[in-house]
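Two complexes are shown next, each including chain A; its partner changes from chain B in the first to chain C in the second.
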Partner chain A sequence: MSVKIKGFCCNYTASVGVEALKEAGLVPEDFDMVRLPCTGRLEVQDLLEAFEKGADAVFVAGCMIDTCHNMSGSKRAAKRVGYAKKIIQELGMDQGLVEMFFVGRGETGPVVEAVREMVSRAEAADS
Partner chain B sequence: MIIAERKPVNELLDMISGVKKLLVLGCRGCVAICSAGGDKEVGIISAALRLGRSRMGEPIEIEEATLVRQCDPEYLEPLPDMAKDYDAVLSTACGVGVNFIADRCEGVNVLPGLNTTFYGANLSSGEWIEMCAGCGSCVLHLTGGLCPVARCAKSLSNGPCGGSTGGKCEINPSVPCVWHRIYDKLMDRKEEKRLQEIMPIRDWTTAGHGGPRRRLREDLLP
Partner chain C sequence: MYCPKVVVDTYNERLDITSATHIDYAQAIPASYYIDAKECLRLNYETCNLCAQTCTAKAIDFSQKPKKLKLDVGAVVLTPGFGKVDDSVLEKFGYGKYPDVVTSYEFERLTCASGPTEGHVVRLSDHREPKKIAFLQCVGSRDETCGNGYCSTVCCMYALKEASVAKEHDPDLDVTIFFMDVRTQGKGFDEARKRAVEKYGINVVRARVPRVDEIDGRLGLTWVTDDGKSHSGIFDMVVLSVGLDAPEDAQKIADIAKIELNNYEFCQTTPGQPLATSRDGIYVAGAFQGPKDIPESVTQASGVAAMASELLAEGRNTRTVTLTYPDEDTALEAEEPRIGVFVCHCGVNIAGTVDVKAVRDYAGTLPNVVLYEDTLYSCSQDALKTIAGKIKENRLNRVVIAACSPRTHEPLFQETLRSVGLNPALIEMANIRDQCAWVHAQEPEAATEKSKDLVRMAAAKARLLEPLEQPTVDVTPSALVIGGGASGMGAALSIAEQGYKCVLVEKSDKLGGNLARLTWTMDGQDAAKVLKDLTSRVKKNKNIEVLLETEVEAISGYVGNFSTTVSREGKTEIINHGVVVLATGGKEYKPNTYLYGENNRVLTQLELEQKLKRGKSFLKGANNIVMIQCVGSRGDDMSHCSKLCCTQAVKNALKLKEAKPDATVYILYRDIRTFGFYEDLYREARKQGVQFIRYTLDRKPEVLKAGRGIKVRVYDSLIGEDIDIPANLLVLSTGIAPGENEALAKIIKAPLTSDGFFLEAHAKLRPVEVAVDGVYLCGLAHGPKSLEECMAQAKAAAAKAVIPLAKGRVAVAPIVSRVNQDTCIGCGICESLCPFKAIEIVKVGKKRKAQTITASCKGCGICASHCPTLAISMGGFTDDAIMAQIHAFAGDNCGEEA
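Right, the complex of A and B next:
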């Protein structure tokens, strides 16, 4: 079964592009990631719309709380992910299908791990 | 301001059952300030409803709009025309806005997107607290500016009940006893004599017990 994963990351997260990750076979083909200037720019609406557009699981990869380039961007993003969790739960969905990950600046490995974790959650939710 | 909160998404989905084209209508008044029904919340509610209906296999067409206020007639004027292509309008104003649309906009099927909760103040980002009950007979000059109608669980007029302990209300230890605070405040101001004034039995007619209230000001009438 193929699941569709949508990610959002900030300008400073993951130094390698999605296409390169796919070419290296590190992430599935049905993975898409939007790079934002800062995850603090992300709105709850964006997370919900990602599901509406077909994502089986959605995640946000932002800076570590204490190293956010914009001071509190990833903290804000985490709160918005929290509200999105509440809404999808009200809709009868598993709240684990949307998640926040805090990732060290420029690190790609944790993003790959996040994708794999969300694939696993989406597959579990579908079974 | 008037404080409100979003209704649960499932309640909203039940409400719009059978609706194929919906206008979600926000308000930039109090509900925008308390983050319940302004532009941003209209976007979130719309996205949640689209997702919910899509999961039900019943996609819905939703448009979004926000009015300056829903409690003044001039802002509602365009609504009947705006709404004519929609099966329903989900208002994210307070109950005043929903009622006003129902009263004035013939042919508009208006539904409430929020639960209107109280008149309150913003303690900090994301936290609001009730401060006024809109009872129509203000006694704040007698009570150091603290309202015993809204902030005493029993709306007592002449001092605390027997349940007040250590300055806290018996309903919840996190709630200050407002009469304890009134006492402290008046003592600090050396206005303790006020505490000896007995407030008469309250006439609740002004609080809505006499039916819907109306206020007229002759000098402002057209």
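Right, the complex of A and C next:
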């Protein structure tokens, strides 16, 4: 059974679009990504909602901490991912199913790796 | 082969290795090995010496030292070519970081059959074949951030070529070219682009890709199209179409030669004198004068030869050495064939596979063979001397050389024959290197047998070889230049300066042609000044006779001996001359669209220039001025790109802005083709606020009447809507149409292109020559181009035209067709088929007979193969000799007919 991965990235990471990545077979069909102006915009609620809507794993790809376009956006995102981890753990889920990744400007490669990492985590949790 | 020192192969863009002793590439001249002094173990560490010991020809001499030479010369020509764009400029596209981001130079080597991968396009990371390739244009060109604000001119075309070659190799390949403007403005280039895109299905995307991203070993690109939409895609390989930079040592060259460079460190020249540097007697040609491709570089190369020849005209033939040969021994030639066979080892090239001694001994069994020998290197100086001696000693009258290709080496052996008084036609070569040793390297025995077959065939043919005449024809030492425009005057002046008489024929009542209608040259200088300078020099020159209001009616004769009938003031005159230069020009295309001719607010670019020159009062109230590009060109009535209209429009837009700064100037275009340094004008126009709006063929601008005025409706793809521009003035860039070339083309038998311009003999190798010998070509008659190019081409045509004049005699190739008039029935098939106008039907007595004009004959053999009565034979390739060769192949008693 294929797992469903949901990602959030900011305007400055993952320059290559999800459609092109899917077309090239680099990410699974069931992957979905939301592009935000800045990951600092993200609320814990958004992460939990993604699980509610059927995602098996959720990740956030923001700027490197020291090169965030909005200074502290990805720092905030990381904090919120931390809260989300606590909450899902309390719900009895593996806290690794939500994760924060820091990605260099415009880079798409690390995001693809993040998707793969989350797929394997979700599969491990599933079995 | 023995050199143990492995070095990086720089010719193959560091994609391969070679040894310190190597030939750079297969076509290198001279095609001999050299030792890379920086890498050689002997030169750097005094060890090794292996090559000197193993060279059987003893051709390596390590005692040689660099020498400083002082040469007294009258002129200097600078042709250092172009330099490479620095790698740091390529880094932002991932070059150097991601192995599958390659430069166009590297890709060129990958697609080359003799390159490091033998023509297989592979990714450098994993050596797998890519499925999707992206070409990124304008890397290191049109980019001020790297200091190269100019357009490199050639990259659009070469990217299309490389993409086509790759598609040819792998039809399933997906190729996308990302570009800003497709700049395929050269002669025939636009048509070639269309063909490439249609035939190979190459995707062309108008977008600038900002960076390359590596994702899991593949390359991700993102781009934004005109409509503002963002796109992305994954590719297996990215090719950077790297521009042409100034030579690395440009400043050093400039310091040494004391010449001026332009702001991009290319050589500074002017449109009227494109080949002259800022210093007298020092000339420039090729990419150092500005980025350009092969046809233009070759043209300029001929052009500088003319400049040097003008300067040194007095010294012509003062330092030449004439070679003399002994008289031909016709008595010996007429004797029963005495054949000498020389079988060459070519070092190990042949002897490594073929049993040379066995082939030699076999040759001895063939009829009429009186001498059979083997030589180590037949083509070396001392071997040639030995062969000459043996020919004399043994009174040989036919020679067979079993060695390599006659294409490269036959002239050498023919010289040897001439040096001992034998006709050079009495030699036959058997190519046992290429056709036996090389292609059958794995089967030495079969290769030896095949060598024997080839030698037997060559000997059979040699027995029937006949001496051929070496006719030469006297040359009338003058030229006829047809057309008195800038190109015609340029060519006439150069021929005259080089010391030869010249008749300049112009059909109108004054000199100047299109230049007289031009107001400014591309660099904004006064065109009238250039014209005045040319006309006054033409009028002053005693070698030039100008015939105005004169038309060419007929041209007969051949190279060296043309006779032209011209009509002048109702009378006809005959001019005798040795060569012809076609400089008949072109004309401004006159449209019947966009209200041209109906509304006086609609002008062509030339008409605008003339108005501007008279004053700016007509611009009163002209707040909106619209220019439309490609009216006529690229599709409407003419399929070609007129090459100069974009620059002309930009130049005139700047002049308008200067005259009336508050006016808004719109340029509606398809691709802005301000190639080379003209890109600076384009950038300047944008800075000055000229509005550029791109249109496509399916949504061409419309010109509508609006009350007493006009408005232009154009779809702006950036905002996705039609916009209406009320135009106080509408200027049409109408392009260049060919002149009335058909009649002259028929007279000269010079072919025209489908666009109606004269076709050169070879676009790259013979760009200013027509297929008919003694006829040369320059200016707009050849195709649309700027004044600068016309002037260079005029010089080039003059250089080529002077060659037969300076020689005084035209040597005729001995391999020409000969008509046996006894069997000729005068049907005329040969005359109609000859592509060189070299065979004609004449009256012999009362009968029509064919006759070869040997001076014009190229020896192609079309006439001989079509003659219904076999009345035509080709020198050196008679039917008898070829039949004998075929019989010999079958082993038919060594050529004697069974």
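Just so we're on the same page, the second predicted complex is superposed on the first by the 127 of 127 C-alpha atoms of A that agree within 3 Å, B and C clash if a C-alpha of one lies under 4 Å from a C-alpha of the other, contacts with A are read in each partner's own complex, and residues count from 1 in each chain.
Going forward, a contact is a pair of C-beta atoms (placed from the backbone, for glycine too) under 8 Å apart; a residue touches a chain by one contact, two chains touch by 3 or more.
Only a predicted model underlies this, so the values are computations on that prediction, with no experimental measurement involved.
S.K.: Looking at the overlay, does A:Val44 come into contact with chain B only (first), chain C only (second), both, or neither?
M.R.: After superposing on A, A:Val44 lies in contact with chain B but is clear of chain C.
S.K.: Please indicate which partner A:Asp126 is in contact with in the superposed arrangement: first for chain B, second for chain C, both, or neither.
M.R.: After superposing on A, A:Asp126 lies clear of both chain B and chain C.
S.K.: Using the superposition on chain A described above, determine whether A:Gly17 touches chain B (first), chain C (second), both, or neither.
M.R.: Second partner only, chain C.
S.K.: Classify the contacts of A:Ile87 with the two partner chains as first (chain B alone), second (chain C alone), both, or neither.
M.R.: A:Ile87 contacts chain B only, not chain C.
S.K.: Kindly classify A:Glu52 by the partners it touches after superposition: chain B alone (first), chain C alone (second), both, or neither?
M.R.: After superposition on chain A, A:Glu52 lies in contact with chain B alone.
S.K.: Please write out, lowest number first, the residues of chain A touched by both chain B and chain C across the two complexes.
M.R.: Shared contact residues on chain A (touching chain B in one complex, chain C in the other): none at all.
S.K.: Okay, in this complex, where on chain A does chain B touch?
M.R.: The contact residues of chain A facing chain B are 43-45, 48-49, 51-52, 83, 87-88, 90-93.
S.K.: Give every residue of chain B touching chain A within the complex, in rising order.
M.R.: Residues of chain B touching chain A: 8-10, 40, 43-44, 46-48, 50-52, 54-55.
S.K.: Where on chain C does chain A make contact in their complex?
M.R.: Listed in rising order, the residues of chain C that touch chain A are 211, 213-216, 218, 220-222, 230-234.
S.K.: Residues of chain A touching chain C in their complex?
M.R.: 15-17, 19-21, 23-24, 26, 106-109, 112-113
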